[in-house]
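What follows is a set of notes on a single structure, which appears directly below.
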Amino acid sequence: MAMLQRLRTRNFIPPADAGVSPLCVTGLSVAYHRQLALRDVSWAAPTGGLVAVVGPNGAGKSTFLKAVLGLVPALAGTVEVYGRPLAQQRGLIGYVPQRESVDWDFPVNALDVVTMGRYGMIGWGRRITGAHKRAGMAALDRVGMADYARRQIGQLSGGQQQRVFLARALAQEARLYFMDEPLAGVDAATEQTILAVLRELEAEGRTVICVHHDLQTVAATFDHVLMLNRTLVAAGPVATTLTDANLRLAYGQRASGLSLLS
Amino acid sequence: MILPDTQTFLSVDLPAMLAALFACLSCALVGNFLVLRRQSLMGDAISHAVLPGIVAGFLVAGTRDTLPMLTGALVAAVSAGLLIELVRRLGKVEAGAAMGVVFTSLFALGVILIEQGPARQVDLDADCVLYGQLEGILWFGPAGWSSLLDPGTWASLPRQVVQLATVFAFCLAIVLIFLKELTLVSFDPALADTLGLRSALVQHGIVALAALCAIAAFEAVGSILVIAMLICPAATARLLCDRMPAQIALSLLAGAITAIGGYMLGAFGPMLVGFDHSVGAAGSIATLSGLILALAILFAPRYGVLARRRLARATAPALA
Amino acid sequence: MMEGLPFAAMGHNTAMVLAGTTALGIAAGTVGCFMVLRRRALVSDALSHATLPGIVIAFLVGLALGVEGRSLPLLLLGAAISGALAVAAIQAITRWTRLPEDAAIGAVLSCFFGIGVVLLSVVQALPAANAAGLKGFIFGQTAAMRSGEAATLAVLALAALAGVALFFKELRLLAFDEGFARAAGWPTGRFDLGLMALVTLVTVAGLQTVGLVLIIALLITPAAAARFWTDRLGIMLLVAGLIGGLSGGIGALLSARFQNLPAGAIIVLVAACFFMASLFFAPARGLLARTLRRARLRASLGAAR
């Protein structure tokens, strides 16, 4: 159908040596009520690899993600995915939101939710074929939830729900992933599973941008970090960016002991 | 106890039941998406908001034909939906308050229009709007049960029944073709947006579809029944199943049972208790839909109140 | 409906109506604030529709007791009882099932009203009954208000206002953070009951004046309008009461002055005008003010570069 053809000429990925960043944000500002939640953030994501977005509470980390994805309106700024406007590159993007935003009583099971990730590929008005369902099962299997495929989502535990959301993003087969605190409040088994999946994605050359809640574990998991406190404090490889000075700027005096270079 | 003779049944009751059946099925079907999206009261808002549209249609056309009034109603309903959305977004007003402000103001406008000039002379009967006119749907085609097998008889089916059947067929087609899109937007509009499906457009579409079903049904069954049928069958199904296909199917089943059962109860029930008049079908169908919902609330196998109590008591000793 | 009268010729009856509708407006505006803040604006919708079966049953009871059919206190009592039952049903459904609150409200609304319709058609078929007045509850009968009724209205409205004033602290706690209050041990269930009693009081008072559908408007619109003017509850209550009272008064005057303007409807439209004006022009949270603020923020971004 014409829709699918349009989908193919969209979702453009330039060759790797062209040096185009998967995500390029310029001058992004977001206003909440009477204040700026985010001021003038400009940043280019590294190609491939895991990026942690950190900052104190209220720093605008989730807002940053949502503004980039167009889920909240931006006051100013542009967002480009692989050099093109976001709207044309939707097929390349995957999003794992925070858990609370969903109605857990909804009449869908885990497989239904994961398959939703493939609707962009299936096309509007068309049937879900067996191939897509199998891809959904494969994604569930990757997060260790294959046995729960037919469970209604409200019957899953917190960690299991998080894994289903992750599987949905995997089913999208995106190049650029956005995750909002994927490791927050999950049990140890889920945490291991999610970390393993993140490493697999990195090995596949995809880029993952995660809002991460726990400074202590950033260095062990992520290669790059983006430090926000309503504006860009610092960004770059974890080793060189997570310094005392930057931590003080982002968090204030208390956090400086966590730096790698102390 | 006097039962109606076959001819009366075929000419009066059967077409009324068919009209009620299709009206209820359409509302039950579209109502699923309103209930799942926590917009159950949209039906109530629409039923009140259409009043100025109906009166305006009459004033503009100058006749009591149904088409201008139905068109006016549709325009009013869609405008109401847009206005509510506008008030919500521009004013950052919460959904219930936005609905309340918009539909009551439109209703007030309608009440005032009714009192002006030409509308005042003609009796735009408030009763009709509320309870519909199922009794007025007559079918002179059939002459005995066997005539129903003859396609020629069906050619003379009353206009309202044909209209309602068409609307139901249309809604069913839309829901079947776009089930996954409707489910996606109802479940996670943010994902829909990131996938490129404009959830706002689909949401307006759902409201427009609900308005279409409601307005098509008003003439036959009135606004109270429409509100009840947009909510109760879907709510009943919600308590009985865990997947979308089952949800749709169960709500249609509940809608059908309510329509036929409610009509029978209203038309023939009073005679069983020696009461001479029949009770309006619209009211009895609405009451039955509430009764069925109440039964589901109490007795649903997994999500009913009694089932939950049993489960709580069964697990309590294990926790002790 | 009343004929149009020049202001000078308006007499005692108009003054009565004016007093009654203004009192109702103030009470509805004030009490409605708590409903709007608690995101339960449409419970008033269910409440007002659910009064129908109570009214009809009260009418039947009155007939059986030999009382005059349109005995106002009796009908209002019936309305209050079935309204209270409806609210209880909504709470029960919301708490004990997976159904969301709006589905509970809508189901209760339509089913209670459906039962009322069934009962009404029974009543109309009874040879002895004169059910003419019952219909008036749907569209309201302000013009026919007798001075005794206006006095009843004023008393009910004052009672509602007194309730709000007396329990202001508790209601404020309930409105802003019910979870916190319950965890801290406050009897939020009882406060809730109290609030619903106040709303029922105002609804039942308003049924006679502006009718079933339009009392909902008075409970929601002035409160929603007041929200645009302030972030503080006390001020919001005052502004809502003011807007409600003004709507009631101006509406009644317009209805008396001009022909063919039913009072209930015009009161609601006046309130709606206040709402639209507040939405656009209120300095605290109005659209114009917010747009200007965003423009200023955007300009400050540019200047800082």
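When the chains are written out, they are named A, B and C in that same order, and each has its own residue count from 1.
To be clear about the criterion, contacts are C-beta pairs under 8 Å (C-beta built on N, C-alpha and C of every residue); 3 or more make two chains touch, one makes a residue touch a chain.
Please read all numbers here as calculations on a predicted model, not as lab measurements.
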| item | value |
| --- | --- |
| Touch-based graph of the chains, sorted into line, ring, star, complete or other | complete |
| Distance-maximising chain from subunit B - centres being C-alpha averages | A |
| Core chain by centroid distance, with centroids computed from Cα atoms only | B |
| Centroid distance [mean C-alpha coordinates] between subunit C and subunit B, Å | 26 |
| CA centroid of subunit A to CA centroid of subunit B, Å | 41 |
| Interchain centroid distance [CA atoms averaged], subunit A/subunit C, Å | 46 |
| Touching two or more other chains - residue numbers and ranges from subunit C | 98 |
| Multi-chain contact sites of subunit B, meaning residues that touch two or more partners | 38, 238 |
| Subunit A, residues touching no fewer than two other chains | 105 |
| Residues on subunit B engaged by subunit A in the complex (per definition of touch) | 36, 38, 177-178, 180-181, 183-184, 186-188, 190-191, 193-197, 238, 241-244, 246-247 |
| Contacting residues of subunit B [partner subunit C, same complex] | 35, 38-41, 43-44, 48, 87, 90-94, 96-101, 104-105, 107-109, 111-112, 115-116, 120, 126, 130-131, 224-225, 227-228, 230-232, 234-235, 238-239, 266, 275-277, 279-280, 282-287, 289-291, 293, 297, 303-305, 308 |
| Subunit C-facing residues of subunit A, complex | 27, 29, 31, 34, 36, 39-40, 75-76, 105 |
| Subunit C residues touching subunit A - in the complex, by the definition given at the top | 98, 293-294, 297-298, 301, 304-305 |
| Partner subunit B, residues of subunit C touching it in the complex | 1, 36, 39-42, 44-45, 93, 96-100, 102-103, 105-107, 109-118, 120-122, 125, 135, 138-139, 213-214, 216-217, 220-221, 223-224, 227-228, 260-262, 264-266, 268-269, 272, 275, 279, 285, 287 |
